[in-house]
Amino acid sequence: MNLSGVYPALTTPFDRDGGVSLSDLKHNIRLYNATDLAGYVVLGSTGESVLLSHAEKESILELVRDAAGTEKRLIAGTGAESTGETIEQTKRAAEIGYHVALVKTPHYYKPSYKPHVLARHFRSVADASPIPVLLYSVPIFTGIALESAEVIALSEHPNVVGIKDSSGDVRRVAETIAGTPADFQVLVGAASTILSCFVLGAAGAILALASALPEKCVAVHQLFRQGQLEKARELQLKLVQASKVIVSEMGIAGLKCAMDLREYRGGAPRLPLLPLQEEQKKQLSGLLASLEPATARA
Amino acid sequence: MNLSGVYPALTTPFDRDGGVSLSDLKHNIRLYNATDLAGYVVLGSTGESVLLSHAEKESILELVRDAAGTEKRLIAGTGAESTGETIEQTKRAAEIGYHVALVKTPHYYKPSYKPHVLARHFRSVADASPIPVLLYSVPIFTGIALESAEVIALSEHPNVVGIKDSSGDVRRVAETIAGTPADFQVLVGAASTILSCFVLGAAGAILALASALPEKCVAVHQLFRQGQLEKARELQLKLVQASKVIVSEMGIAGLKCAMDLREYRGGAPRLPLLPLQEEQKKQLSGLLASLEPATARA
Amino acid sequence: MNLSGVYPALTTPFDRDGGVSLSDLKHNIRLYNATDLAGYVVLGSTGESVLLSHAEKESILELVRDAAGTEKRLIAGTGAESTGETIEQTKRAAEIGYHVALVKTPHYYKPSYKPHVLARHFRSVADASPIPVLLYSVPIFTGIALESAEVIALSEHPNVVGIKDSSGDVRRVAETIAGTPADFQVLVGAASTILSCFVLGAAGAILALASALPEKCVAVHQLFRQGQLEKARELQLKLVQASKVIVSEMGIAGLKCAMDLREYRGGAPRLPLLPLQEEQKKQLSGLLASLEPATARA
Amino acid sequence: MNLSGVYPALTTPFDRDGGVSLSDLKHNIRLYNATDLAGYVVLGSTGESVLLSHAEKESILELVRDAAGTEKRLIAGTGAESTGETIEQTKRAAEIGYHVALVKTPHYYKPSYKPHVLARHFRSVADASPIPVLLYSVPIFTGIALESAEVIALSEHPNVVGIKDSSGDVRRVAETIAGTPADFQVLVGAASTILSCFVLGAAGAILALASALPEKCVAVHQLFRQGQLEKARELQLKLVQASKVIVSEMGIAGLKCAMDLREYRGGAPRLPLLPLQEEQKKQLSGLLASLEPATARA
């Protein structure tokens, strides 16, 4: 299962009544289908999955499966706090037709989730899963990072095919690549560091920013693969500022607003998340405009 | 609504098949009914609530309501990640008969949960809740602490009656008490600091440790109220070590094992949490034995 | 060596040319001599000791020795980064006539300063010191906290008589008191938590705030010793806000300004520390005024 | 002033009596002179500068100046806690003949060292310095990181020519490069991330590891410059493990031992730092052996 390439962490659009808008989601997927995105990541952190009901999650998984281009890889976020529910959701995603399960660390009982506890959790899920498992470390939200030693140990499991490392810690990515087999795939989750990780051997990236700027995120990967380092560098440096403002500072509300300012359907996030204020929207609009020459060049 | 006194954060017993054991829970409540505990906190962090299904939560809420002594205050943990689901669970707890809703901070999207976002969330919940709301700050699990300035602002809401502060930060408790009205009730959630907080004016405590050692936790409060400071101090210093080992180091598995070593039914936690190892059980047994003379003296 | 009571962490006044003003320091000591302060702590963090030359430190140590009332305990900060220089400064302080050496943790090479390294450092200093040693843990500045287990181990050394714990972590203070012999003296360094620590058995306090508000800091200790808990509590809650604004938020510049607003000589701190801005001075002035009724009552 | 290339952060050898061994230092410099190292960094964190006396520092500065090959750039660590002493040491380094001053953040009074305070400190030093200033951010030791916004603002000062960023945070490096003029030079201080930073445009690196493995560290830079990305990547991944064990885990003692195991003179660190234990030496020896094939290939 070759996962190389760039994937958007899909957002979940809501309609005016606060329900999930499958039609807006379908609109976005159709546009994404026309790009070189390698596939889609559904129900990740960016998809506000922790704010969704079970029924909503099922309807989203089905919609994306139906709307996705046939060559796109389908990755479902299936990590829950309990091992049992994680296995259940993973099996369900496989039934629906997803190719890979993205399993985040459980995180609520942080002081108890020592490395051997997490290892046992991931092994149980990988044992039970009908589809390959991608580990998911996202300490900015969970407060727990999978350290390279833990990932290296888990990479020996035949059904653990890689990791999405959203820590933004390139040293950790380097240690992971240095210590895992060549077919263990590292996908990075921080847009500011993708070129730095590609040069180390990372297979690809799963990016919130790719929901708003899919072509630019894909272009960094393609330019790097083509050996056009200087162009890749210029584009990477532009994305650094975009990622900082849109994703790190403004969060999901910022990403959705950036989508609205382009041709996608972002909309408002679900409470307690709040939409951007007018002043922030203007800042965002100016930022997106400043990126345009780069598109032309890239 | 006077909440003063000591409350156990109830554990959730599981049977051999991994399901919730309502009969074991009933056993524990009956024993607790004979103590001076002021009431019960159901579905808190200690109750493994994030590992339970909706149906399991309902059955637990109903069982404790039925089994509790009539004079006991009933507090239900109702905080979910989304504002909407928190309101729904709060209304359901009120319907079932709970007196107070304990609402923890949402926490997954930490970088977005700035003070004004959290304030709006808690105000929405307090507006919609049929029963008084107790704020719940438990940074060791959530990675988010409610700062005293935020609590002071929220204390103006007529339906926010107090806070359970489990940060263990006595300075923050002091700032909160200094800045809130006299009828705003601070319940502390760290057994090592209860006497230090009672002397500042804290109304009481909600303690995991009180599920295993209810009499001792209650005794610190009673001795303090009776002006027996030196006896209170001696008992508090004993509980420091117990709290450190049982709760901080061994977590829910440790607490449940301590219950088993006394007359309560603890059992194993749910995966990914793991039960204690044999060596830890021995350490725990020795620790409990060392506490006994204190009981006699207190 | 009984160290119970309240000590100010002395500030270092500078003259207009930026040199140490021994005359201003003498002025302050004379005023302090008339209070119930138990003694003086010279060349602590509050004394800007890391910004002073060797010659300046010597002149300050001598001035305070000469100006102090005969019943006052004299404590000198002698901790340097290297073990050798710490021993040298400790011996020099003893020669000058200081009763106790306050030895902070070395801290620059944090990742290497594991517990056994710090233990060996403190043991070497205590072995070589002609005067009793007080451990000094001040993580807000050093980034290193002495944990209770380390303090308990060091308390066995006959020349280690206690600790100044400025972490503000009451749980750690409780663990330390619970685990050390009755004659091991814990002095706390965070004004917001002194009453909470006295009730656990702390011997006293070393406070920056006591340089500006010596009577109020002393009064909390005296009221507690006299069993006037409610009055002690009221005063403690007032000091919480003062400590937060003056010490935690405004730092040494705030403390020195508060001294200027009373009858002491504070002056400006040394660069890179900057003096308060006008707006901050007004805030400080209002805060001090709000404390006055408490003085009358206490 | 072109600073591109790789520099070792020099260690300070001590003789059996604990004094600085200038002859051992000279030995090392002679060997380094034969490599493609771009110059030397003297009195940095790796040089145990915080454990040295003024006289020792002067003698080291003079020795390295005399022993260095004429084409080597000379960089002196001159940052002290006070602005005044930093300026004094910077002027002295210039007099002795150093080309660049490496000025670390003051750090003791962390809560007071807000961005505008640090900015004023660095501007004062840059104004007064006869030689160009290199900012130095090393949060693992100081607890303070210079954020990219602060560096970008300081990059406008004509006498601030670059930064040594030892945070290991590639995102911060990317933001800094994206926001500063093309002639502002970023030297990275974490061996695990140099290739990742070179691809973003970093000018070079200042590395503790280069005191033990100068050829390998230089080779990563040279291979990258020659467009041999795959060879650079292989060598980088080897250095990741070496850097982790030798520098991050074993610290200065580990680095010095690695020097001893090659042809350099490392020796023991100064107290409170402790030398490696036998078991660690064996681990280190095995690690160094495992690197050898890479040398041949590179």
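For reference, chains read A, B, C and D in written order, and residue numbers begin at 1 within each chain.
Following the convention adopted for this analysis, contacts are C-beta pairs under 8 Å (C-beta built on N, C-alpha and C of every residue); 3 or more make two chains touch, one makes a residue touch a chain.
Just so we're clear, the structure is a prediction, and the values are computed from it rather than from any experiment.
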Would you pick out the chains that touch subunit A and also touch subunit D? none
Hey, which chain ends up farthest from subunit D, C-alpha centres compared? B
As a multiple of 5 degrees, what angle does the CA superposition of subunit C onto its copy subunit D give? 180
Based only on mean CA positions, could you tell me how far subunit A sits from subunit B in angstrom? 35
Between the Cα centroids of subunit B and subunit D the separation in whole angstrom comes to 50
Please set out, as single numbers or ranges, the residues of subunit C touching at least two other chains. none
Touching residues on subunit C, where the partner in the complex is subunit B: 168-171, 174-175, 177-179, 190, 192-193, 195-197, 199-201, 229, 233, 236-238, 240-241, 244
In the complex, subunit C touches subunit D at residues 18, 45, 50-51, 53, 81-85, 106, 108-113, 117-118, 120-121, 124, 140-143, 248, 251-253, 270-274
